[in-house]
Structure formats: C-alpha cells, structure tokens
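Scroll down for the structure; my scribbles are underneath it.
Labels run A, B and C following the written order; every chain starts at residue 1.
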Amino acid sequence: MGNYVKTILNFIRYHYLPHLCGAALLVLCAGAVLSFRNLDTAGAAKVMEHYGVIAGILLFTPLFLPESDMEIWQLEASRHLPMWKLYLGRLFPAVCMLAAVVSILILRLLAGGSVFPVLILWRGAFCEALFLGGIGCFAAAVTNQVVLGYMVSVLYYAVNTGMANRLWKFGLFPIYRGDEGTWIWLLGAAVFLVAGGIWLREQLRRAAVL
Amino acid sequence: MIGALFLKECRKIAKSLVYYVYLVAFVLFITGQMSDVEWVDQLSEPQPGQESYGYGYSNDERMIMQSGMETLFQELLSNRFATYPFGFYKEVTLNEEEQEVLKRAMQQCTGMEFEQMAEENTAYWMEIWMEAEGSAAEFSEAEMWHVPLREDLTYEEFEQVMEKACEIVGSRSYYEKSSYEKRGIAALTYEDALEHYRELCEDDKVSGAQMRLFCDYACIFLAVLPIFVGVSACLKDKRAKAAELIRSRSVSGAALIGCRYLANVVMCFVPVLLCALLMQMPYVYAAGQAGIEADALAFVKYSCLWLLPVIMVVLGAAFLLTEATETILAIPVLLAWAFGSVLSAATLTGNFGWKLVTRWNTFGSYGRYAEELGQLYRNKGMYMALAVILVLLTVAVYEKKRRKGEMLYGKLRKNNS
Amino acid sequence: MLFKEKEREIHVMETQIQIKGLCKNFGKKQALKSVDLTIGQGMFGLLGPNGAGKTTLMRVLATLLPKSAGEVRVCGVPVEQAAEIRKMTGYLPQDFSMYGNMSAYEALDYLAVLSGIPKAERRKKVPEMLEKVNLLDQKNIRVKAMSGGMKRRLGIAQAIIHDPRVIIVDEPTAGLDPEERVRFRNLLCEIARERIVLLSTHIVGDIEATCEEIAVLNQGEVVFRGTVESLLKLVESKVYSAEVSARELDGLKERFIVTGILNKGSTATVRIIAESMPLAEAKSCSADVEDAYMFLMHSISAMPVQKGGEQA
C-alpha cells in the first residue's frame, strides 16, 4: 500500500501538480466569468455542464504524461508493479479533485440562491466531466501524445456546442437540454474509454507501434 | 539553406498526427457550418410589393427604443441577462425584487402589464411555430417580439429605464448607452433591400459576402486549432530528446525558429485557402448564372486579411509559451483566450474592436462592413505585429536557452527549491 | 624565417583547444574547478568517474553551457563566440537521439541543413557519411527502429558531416557490444587524423586503444594530464598477480588495490597494485591503463589532490 501511495505522490509532485493547480484556478476564476446568483435548473446546469466539465479535460488527459518518455515507460513496465495498477493509482487523485471541483461549484450555486436538483446536477456534471476527460485520456493513451489528448477532447466539446443533440446518449450538456438520464451512459463510456485506453496502450507498446 | 530548412520543417509537420487531426477537424467544421448558409435567394433582385425585405440596423431613436425594450422584455422573460464584465460572456439572473423593478419600468414605457405582454407574445410564437412547423427559414422571417411602445414615450424616459436596467444587471450589459444606441433594428424597406442588393452585386461581387461569412466561422476554428499544431511542433525536439543536438548545430536561432514558425503558418494556412477556394466556386458560378460578375480572388483577399493574422498570432503565442516553459501551458492559456474572445462578442456582426475572433455572421451588409473596415485593418495589423513580436521573443528565449543550457522554467524551479 | 615561425605558431594555435582556469558552477555546486588543459590534434581522452565533470566540460566546449569563469579558446576562437565555434565543432551527446519517425538519411540530411551545408554538397555528403559509418544499406530505417550501435554510428556521422575541425564525443561506446565498440574506436581514430577528437569515457579500454594524450578528471579537477605512457609509468613495477585462497580475498582488498579477481573454485587469481611485493608467492606483471587509473584514483582519495599537469 505504501508503494502505491509513493508512486501517486511522485506522480503528483513531478508531473501532475500544474494540472491540479489548473483545475483549482478554474474554480477560482469561475466568479469572474459566471454568475451563480438566482439560477434555475437550466442556468445552474449551464454553469456545471458548460464550464465545470472543463476540469475533466484538465485532470484526465495528462495521466500518461510521464510515459511520453519511452525510456521511463520501458523502465516502469519492467517493474514488479503492473502498469494498469500504476495508471489506476493515478486516477485516484484525478477523481478526487474532480469531485472537489464539482462540489465547490455546486456549493457556490447554492450559496448564490440558485434552485436546482442538487444530486442530479452533481451526478450529471461529474459523469460528464469524467466522460470528456475519458476522451482526452483515451486519445493521449493510444497516441502517447498529451497534446493530441487535449486536442481531441477540446474538439469534442466544441462539436457539442453546436450539435450535442445529434450525438445520441453521448451528447454533452444533457441536463441543460432537459435530458437527465444519460449520466449512466456517460459514466459507462468514461470507464470504457479509460480502461480501453490503458489496455490498448500497453498492447501498442508491446507491438512497438508507439 | 533557409529554403531547404523551411521545406524540411513543412515535411515534419506533414508527418505529424496532430496536423492530420487539424486538417480533418477544420474541413469538417467549416463544411458543416457553411452548408447551412442560405444564399441563393439573395442573388435575385428584390421586387416592389414583397411581404418582407428582412431586417437591418437603424439610428432612428424610435427604432432604438423599440429594440431596447424588446431586448429588455426578452431577457426579463427568460430571466437571463447577457453581460461581458471582463470581456467574457457572463449570464446574470435577477431575483424577484429586481425583476419587479424592471417589469414596472417596462410597464411605464409600454402602458401594458408585463404579464399580459408575455402571454400575448407566447401565444404569438406558438402560432408561428404551428404554422412554420419548425422550419427555420419561416421562423426567422417572423416579427421578433410584440412590445408596443407608448406613443408619447420620450427618448429621455427610455434612457432612464435603460440606466436603471444597467444598474441592476451590471456593467457591460446591453443596457449601457454605448451598446443599445448601436443596435436599433428595423424592418428594411424596398429601397433598403435594393441598396443591399446593389452592395452585394457591385461592392461585394457576391463572393466577398460569402467569404466574410466563411471567415466568420473559420476565424473561430483558427483561434483554437493551430494552438495544438504549434505546441506539438515546439515540443518535438524535447520529445525526441534531440534538443541539445539541434542547439549544437551552427544554424542561428532566428533561422531555425523563423523557418519552423513560417512552416507552421504556411501548413495551417494553405488548407484554409484551399477550402475557401472550393467553397467560393459555387458562388462564383451561381453569380455568373445570375448575370453578376463575381470576384474570383475574394477568397485570397479575405483569407489573408481576416484569417492569416489569427493563425500567425495564435502560432506565435503557442511558440513563445511552449519554448519558454517546455510544457503544454500554451494550450489552456490560448484556449481561454480563444473561447473568451468568441464569448465576448456582444454582436455577431462587426464590432471588431481588438478581439482575436472577429465576427461577421451575416451574408452581405457591405455598407456597415465598409464603415468598420478601418477598425478591422487596425485589429488585424495589430495582431500581425504582435505575431512578429512573439516570434522575435521566441527566438530570444531559444537563444537564451541555448546559451544557458537549460530551460527557463527549469531554472525557475531550481531557484525556488 | 621569422615569418615562417609566426605562421607555424598561428597554425598550432588554430589546431588547439586552450582551457585556462575554467570554472563552472551549478548554484552552489562546483562542477569544474579551475581546469587548465591544452588539447592538440589527434585523439584526446578524457577519463574520470561518473560525475567527475567530463560532460560539463564537453558541453562548455560545445557552447551548450556558459562557463562561470576562466578562458576557453577553440582553435583560437573564444568560446563566447558561439556561432563561430558551432561551425567548427561536431558534437555527439551522451544520449544521441533524433526524431523517431525520420529515416537515417532524412535525419542526417536534416542535421546537415542545420549545419548550413548547401543542397548539392548534402547530396554528395549524406550518402558518403552513411557509407563511412556503414549505414548506407539501412538508410531508410527509422531512427526509432535503430539499435544502440546504429544510433551511435548515425551520431558520429552527424558529428562529422560538416567537416568540423573539432569533434566532441561524450561516452560514445557506452552500451555497445565489443565488436561495435572496436569498430567505433577505429572509426574515431580514422577521423582524428586531421582533427581534434575529444573523447570522454569512463571505459578505460577505449582510451588505451585510441588515445595518445589523456586527462583524468575527478570532482571537477584535472588530476592527471599527459600521455598514456606517462600514466602507465605511475604503476610501473607495482602490479602483481598471485594465486590466493578465497578466504584471503577480503583481507587483501583491505590492504591493497585489487584490480582483478578470477575465481577458480576455492582459490582465485588476483591482480594487485602495491608499492612492494604484496605476497611471497606474487609475481610481477605488466601494467595496463586500467591499473594505472585505479592506482591514480586510489591515491587521490587517500591524499590531498594536487591539481594541474602531471600527477606528482
């Protein structure tokens, strides 16, 4: 257990800290660009789904950052600790931070006198951010390029600003659009993308494609 | 030597996955947006006695009051007020007390209860909706809102209401004098429509109007997409662990960074130019069919004026931030800039100011465009100059790293620890 | 006569690296402490343990690091004139690497462009260099698919393609198999005929096989400077070999410098450096550079360091 904690702490210290700070900055800057006052469900959903979910991109895309150096990757792969466990360990701080970001934004909405179904919005925004982050995570995993991870997730977000309703259950901003039931699909897709990304990435490395 | 290096850099970009994502994303986005443009009807001359000739901006006080009240009514109805406090779009919602103050102010101007107006408008829109059966074209033809103004309403009274609204909603909202004065909307007359048609044929030569619309959409994408291309290009040396080796060669920092930058600009711009050319073709053809002489070179003129400076400055900033930090910091910073610029557009047509993303989301309106052209030149000229400064700074950072043998960010960290 | 002498002096100046009082600090850590060296044409070996400052010295010479103090001239040009220096030096870093998706030919051609070689010359020189390092047949192989040896050979090709007068190679044989290493050394010797080749390594065998002149660095200071013969002289008639029982080994290691142990069941043949006959059954044997190096490093750690020039 101690080893897991150590690897996670090392990852945070040498690679992940700027991204955690970025997510914190996202929360701090929210007041300047968003209003939290007197919002109804759609208004609150807009804050969470249009703005809060960006934390997902910031937090989940760089999870494979250390291994963009192939030598580090080879070295880690030669160790006793399986790679998938190493990656799962890194998910822990990302998920915690995301939960914190979503919770703080929800609390600010409540403090501003907004009225909305708290649990539904928390769950929806969290799953949506996880899904959006999962897209970045997957793209970064299979190409071993963090820049591509960001690019693909940002593009997916951009596509959704115009045609979210055409993306079936995987469209973003569902609560804003009045569809509360897609969170389970988004959560499932996020798990699939992260797990699939990790699996595919290791296969590609072994096949010396990456 | 410079030419050879430039070509080699182009080749390097052409081999990168990020560039292919850039190409696919740009082509898909721009074709998706441009395919919705309805323009064929606009190539036929307006005839007297038509039911409607569309809408345009007006300086008439009555029109300004009408538009101002309609906006207030609409925002009050949805209780969503658009403001731009830091240049970014921020939606403000009012509590009941604040809403009540504004509703009463509206009642003074219209002589009608707010709730009654809301009911009438809802009924009107339901009717339109049923008739149009969801057709966007017919929908947009409909009158916007029915907000009857008192016959004896003076401009001073109106200004007081706007001032009150501005006080409640917050600064940088529609209700600031500088904002509502410019946005009086009025239905066009036959003469206006004829003038617009003349502008389209003679000044814009059809393709000019289309290219402005193309640039409007493309500008949004090009404020975002080249960020990734630039960051990826700058991090390539570090990724390949070839940075030290390359720094030891005799090539000057200016030549290396200059060629890399230029290659990125060209590789990002050429597909844009090709898309513009391809998209302009049907317009040139249709104009020819309608007996109008189109400007075949509009795609070059508008792309170079409108889009090239955006690509240049975005790449310049991506280069500088990436060279200076050797991280992906440029991505969140420039994305915030780009999205902020898009969201800060209070109007989708004109009002260029110093925004990175300049909008012209309409087909035609050359007259207004000509009025704002000076500001557009200043805007684009400033960004071009800024791009050059950013590249020069990048060269300075690169040379500094070359001399110091370490990156600036690494040095900072070392000093802090 | 006088004119000819002057010309000769200039010529000597121009094929020399002169280092006077060179210091390099990283924060509070002194990586190079007042290094004085003059390096002439031919192969020059820089020997020393890990962290001795070899790479730092080489990076200063390759203009990749600024010096903190002192004077460095490469062929008469002060190292501050980085652009001039880069034109006349070829550098092979410790971990040579290039863009993984480029072929050997493309990578070499790209680096040749960065060295300002015109197109016509590149067309001639790139295949010529690939031929020289035995990579012409594999010119289309991608850098990321290359073995360590192939990468090193590509590395040396890029370091000499612009015909530099000084070549700086940092630990070039690390990670190479014995055959590759020999081939690589021979290649360097061939190149060194008309140039200065500064070779850093901690593999003593490389120096022994290739270098006339050497310097030994330890903790940022030059602890030896001279020819291989003069280094060998340090251990002349001080190297012995003896057959001892395995139990005696620990005691021997404590008393003497043991540079080799060959186990043979319960006994072992050991190679010992000692001032006088260490054991009655020991036999004197000829010294090699490794013995001399070990003796030198051992005597430095045992006594205060005397810097500069030959070891006293």
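The definition used in the following text is that a residue touches a chain if its C-beta (ideal position, glycine included) is under 8 Å from a C-beta of that chain, and two chains touch if they have at least 3 such contacts.
Every value quoted in this text rests on a predicted model; they were computed, and no experiment measured them.
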*From the centre of subunit C, which chain's CA centre is farthest?*
B
*Point out which chain occupies the most central position, where each centre is the mean of Cα atoms.*
A
*Where subunit A and subunit B are represented by their mean Cα positions, the distance between them in whole Å*: 28
*Between subunit A and subunit C, tell me the centre distance in angstrom, where each centre is the average of that chain's C-alpha atoms.*
49
*Report the inter-chain centroid distance for subunit B and subunit C in whole angstrom, where each centroid is the mean of the CA atoms.*
60
*asked:* Looking at the complex, which residues from subunit B come into contact with subunit A?
replied: 17-18, 21-22, 25, 29, 32, 79-80, 85-86, 88-95, 224, 228, 231-232, 235, 239, 327-329, 331-332, 335, 340
_Please output the residues of subunit B touching subunit C within their complex, sorted ascending._
1, 4-5, 8, 12, 15, 236, 240-242, 244-252, 256, 402-405, 414
*Residues of subunit A touching subunit B in the complex*: 18, 22, 32-35, 37-40, 43, 46, 58, 62, 68, 113-114, 143, 145-148, 150-152, 154-155, 158, 162
*subunit B touches which residues of subunit C in the complex?*
27, 59, 62-66, 82-83, 86-87, 89, 91, 93, 95-101, 109-111, 113-119, 122, 158, 162
